[in-house]
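Chains: A, B, C and D, in written order; residue numbering restarts at 1 for each.
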Amino acid sequence: MQLGMVGLGRMGGNMAERLRAAGHEVVGYANDGSGDVASLDELVKTLTAPRTIWLMVPAGEATNSTVTALADLLEAGDLVVDGGNSKFTDDAVHAELLDTLGVRYVDCGVSGGVWGRTEGYGLMAGGDAADIERLLPVFDALRPEGPREEGFVHAGPVGAGHYAKMVHNGVEYGLMQAYAEGYELLSAGGPVDNVGAVMKAWSRGTVVRSWLLDLMVRALEADPHLDQITGYAEDSGEGRWTVDEAIVHAVPAPVISAALFARFASRQVDSPAMKAVAALRAQFGGHATHKAGEAANEPPTGG
Amino acid sequence: MQLGMVGLGRMGGNMAERLRAAGHEVVGYANDGSGDVASLDELVKTLTAPRTIWLMVPAGEATNSTVTALADLLEAGDLVVDGGNSKFTDDAVHAELLDTLGVRYVDCGVSGGVWGRTEGYGLMAGGDAADIERLLPVFDALRPEGPREEGFVHAGPVGAGHYAKMVHNGVEYGLMQAYAEGYELLSAGGPVDNVGAVMKAWSRGTVVRSWLLDLMVRALEADPHLDQITGYAEDSGEGRWTVDEAIVHAVPAPVISAALFARFASRQVDSPAMKAVAALRAQFGGHATHKAGEAANEPPTGG
Amino acid sequence: MQLGMVGLGRMGGNMAERLRAAGHEVVGYANDGSGDVASLDELVKTLTAPRTIWLMVPAGEATNSTVTALADLLEAGDLVVDGGNSKFTDDAVHAELLDTLGVRYVDCGVSGGVWGRTEGYGLMAGGDAADIERLLPVFDALRPEGPREEGFVHAGPVGAGHYAKMVHNGVEYGLMQAYAEGYELLSAGGPVDNVGAVMKAWSRGTVVRSWLLDLMVRALEADPHLDQITGYAEDSGEGRWTVDEAIVHAVPAPVISAALFARFASRQVDSPAMKAVAALRAQFGGHATHKAGEAANEPPTGG
Amino acid sequence: MQLGMVGLGRMGGNMAERLRAAGHEVVGYANDGSGDVASLDELVKTLTAPRTIWLMVPAGEATNSTVTALADLLEAGDLVVDGGNSKFTDDAVHAELLDTLGVRYVDCGVSGGVWGRTEGYGLMAGGDAADIERLLPVFDALRPEGPREEGFVHAGPVGAGHYAKMVHNGVEYGLMQAYAEGYELLSAGGPVDNVGAVMKAWSRGTVVRSWLLDLMVRALEADPHLDQITGYAEDSGEGRWTVDEAIVHAVPAPVISAALFARFASRQVDSPAMKAVAALRAQFGGHATHKAGEAANEPPTGG
């Protein structure tokens, strides 16, 4: 079927390729001029009604302004899919705005990263059943080979797709941190000779085998002691929202929050909290502290 | 090759079957009389020297006493493999005891649970290279199909196998808790209609796909709201040792420890710590508390 | 000075008493009819302009509707203080609404619980300097004896008082949980004979001495093993907001969040997350689980 | 009474002074020659039997070797007190060694840091009742003014004193981290103008008032933004043992362990675990990482 793709970055560009390879007609638009058309207006004019437009732009401002702009251009019966990492609460706003014009709205969490183009993307969609039905050819082209229900779900009404993706990412934070702690402990001076080989041996048969483990093995094969990178880990929002939602629903989330906080800490040049702890130790115990000007994270010079 | 298997429970019994299916001759012994021989003594007499005896008995006392008993029966050139979940510090003791008799010792962490018989076991071995070499036919029969290094590793000297398995299990605790928190949050009242379907859709293409996820999907297909079980989770030691070792090496382990503590808490009828918190709240705020005799975990009756 | 007090519960009632004891004229109003006047309208008519009205009602709906109602009754120059546990983001809304009428607004976090009437309350105020100045006699009457700056602070503009109180409560959660974990560990089977006596001995000279410790000692003197209460701990919002704010500012908050999650968990009859962990263990290991119908939190019956 | 003090550092030296000021006769020995006598041998000869010798030397090797040396010098009826931060499991060893000689042994946890000399020390003692009784004059001189039971406890048999002190320090870690997180959040860009003033205002009347808070206020008065120190926090063993013990007794200790792990992390130049997380993000998402050679903890250059 015919589809407009707005946003042609790492995700959108790859998805457009995968859709085309499956026989779909994709008209791409990106605000850097790299697409098939030069404007949203031209995109809408190029597509045949009823149109399907898939958004793959950054969550928040960029997505919001795109939906607003499309609201001025689309007509009843058209359908907008937000495939970006939007917060699920944005979906109700977008759906309501478009609904007043008779334009349909579906949200779809997309997982798989740069590997999705060849392996297929995991998809979690929210919206009305009829709209989901209409998009099935697109979903089927994007998702991995195999039974549909193993790579795609109609998770619930509008918002449910992004909600499922949000929780997916929260879980992902926890999984990554678990492997990361294991990697650090294996590397910390115990009897294990070759950490990369041990983690590679976890690839088959073990309880911890997973795709993330495979990626860990890949990373360690390229850089056995991770000497080429520093321990600076960004977070992209969904982990925060997951903890926020856990708090809203009084769900204990010690692992996901610990993983999130570890990322926060990884980006601090010096921790104000740990300055406070060091200051308290100095106050009651006369313990030595690091003076500013001494290198951080090295033992203090005096007592 | 010929192998004695001591311990024929869920793990040892299945492993014996897998080894036999691969053409090895396994003489099994279990202290419940279910094996091929009636005693360790008979086992040793039945095997041809130099013997290979694989222990698959509970860690701690049972393994220790078996090693001690074998020390009286074996002769120089024989080889003992501890495939149970022993603490890595036990290995040095066992190896030293046997070494005085010229008996070789290898420790081998085995992962895979009840699925290992058909899918193969992940194996992490510690010991001298020559001993590992001698055992390769056994390792190859036990491990999954595929490249040897994806399901087997010679992790280092004696103890390294169990160390790797210990960390593996610590990671496993973190992974399980991450999925569990995600499951709880998806079930907690957000817009997702069908939690099981969402987790099933994570099976392919997503970043969180894994074997544990597949098991989670399986569990939810059998019991969609986990109504048939209660949230009581045992721990079998390796998670504790992992946190202990993290502390020894000053490795932060917030995720693995959180997962361990969640299991501890799951087994408490009433938490002394939370009694203390409730008591403090009552002290300063005049907040209502649950009186003994009221049902636990329900809102207090008064203010 | 003259002051209207809206809300005469545990906090407002005690505060009114303390203010009167200090020579202030307090006109109290409560919606249960227990006050000096029968309505907000009567309260406003009773007070002499420019009026000062202190709100001590539950945060959220109750406070919002009170401010809205007062906006219809007050006149330019009057001053409203919200002394409840409102979220700091509510303050801007209230201040803006009242500002259009020339009515001043100050937010004030109040700490001290039921002890405040005799010992004085810790006060954290937000607002314009002139408004704070105007309220100093009230603040001085409410705060404890001693230097003003040890029990009162003008923390910043509108919202800063509740922000400071929010963080105060987040810290409080962490402190309480720290003592609670210590209490549980002392009680868990180590060599300590008398846990209450140990904690009492921490009252003077030690690094951990504090008012919360004094309350813990008091609670243990009344109920040495906390047999009279169950481990069910409510949370009143500020702890949640503290973690939310930590996430907004990318501040790692492992201790405060752990304390919050422990409260969440304390209120669960059965943990969905731990059901998931138990289900996973059963899946891969053939481990026994608790069947529904067995008592929760007791070892499973079988294998 | 007469007392030998072995170890005259920050703790032992101050304690000797406090004891002398209370009228006790203290003969001090330190291995740096700063004491009243030049050797343990001379110390023992100088003291009148039955002797009392208080050890205030570093836990582990130093304390162990001192006890061993004293075992060769003391005679039946003498009494050794270990007031250092020894692990409680060392006490049984020391007590047993001395008991064979008829020498008595008491362990005593001492809290209060450099402030103890003037304010008194919190004391937690373990041992036989008769030995404790014999030491009461010493305990009374060391502990703060006020009721004995608020600054001293006979916690149980040998080992109970150090056990109580261990848990005390674990709690202390949690308390410090709670204040530290609060400090960081107050400083993180919210509406609060003056963080030091807010924390000072918590000194009286609030629920979080404590001695540690007073020290925090003191530290912030000396260095309002803690610019003079870095966030490098040592740990001295008891926090680790507390978590170890929590694990032994299956006691959830999320707050104390989080505080401990925060200290571990504060001392890492770069976190291996967070390298692993960054590596995984790069693997699946094509996310930018910090290359080695770029400054750590600053946003990556590209991606």
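Following the convention adopted for this analysis, a contact is a pair of C-beta atoms (placed from the backbone, for glycine too) under 8 Å apart; a residue touches a chain by one contact, two chains touch by 3 or more.
Given the structure is predicted, the values throughout are model-derived calculations rather than measurements.
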item	value
Joint neighbours of chain B and chain A, given as chain labels	C, D
Selected interface, B-C versus C-D, where C-beta contact pairs are more numerous	C-D
Separation of mean Cα positions, chain C and chain B [Å, integer]	44
Approximate Å spacing (C-alpha centroids) for the pair chain A, chain C	36
Distance between chain centroids, defined by C-alpha means - chain C, chain D (Å)	32
Multi-chain contact residues (two or more partners), chain C	112-113, 177, 179, 181, 184, 188, 207, 212, 250-254, 258, 261-262, 265, 267-268, 271, 273, 284
Touch list for chain D against partner chain C, complex	88, 111-113, 116, 119-124, 126, 143-146, 149-160, 163-164, 167-175, 177-179, 181-182, 184-186, 188-194, 197-198, 200-213, 242, 245-246, 249-256, 258-259, 261-262
Chain A - residues contacting chain C, complex	207, 240, 243-244, 247, 250-254, 257-258, 260-262, 264-265, 267-268, 271, 273, 284
List of chain D residues in touch with chain A within their complex	10, 112-115, 176-177, 179-181, 183-184, 187-188, 212, 215-216, 218-220, 223, 226-234, 254, 258, 262-263, 265-287, 289-292, 294, 296-300
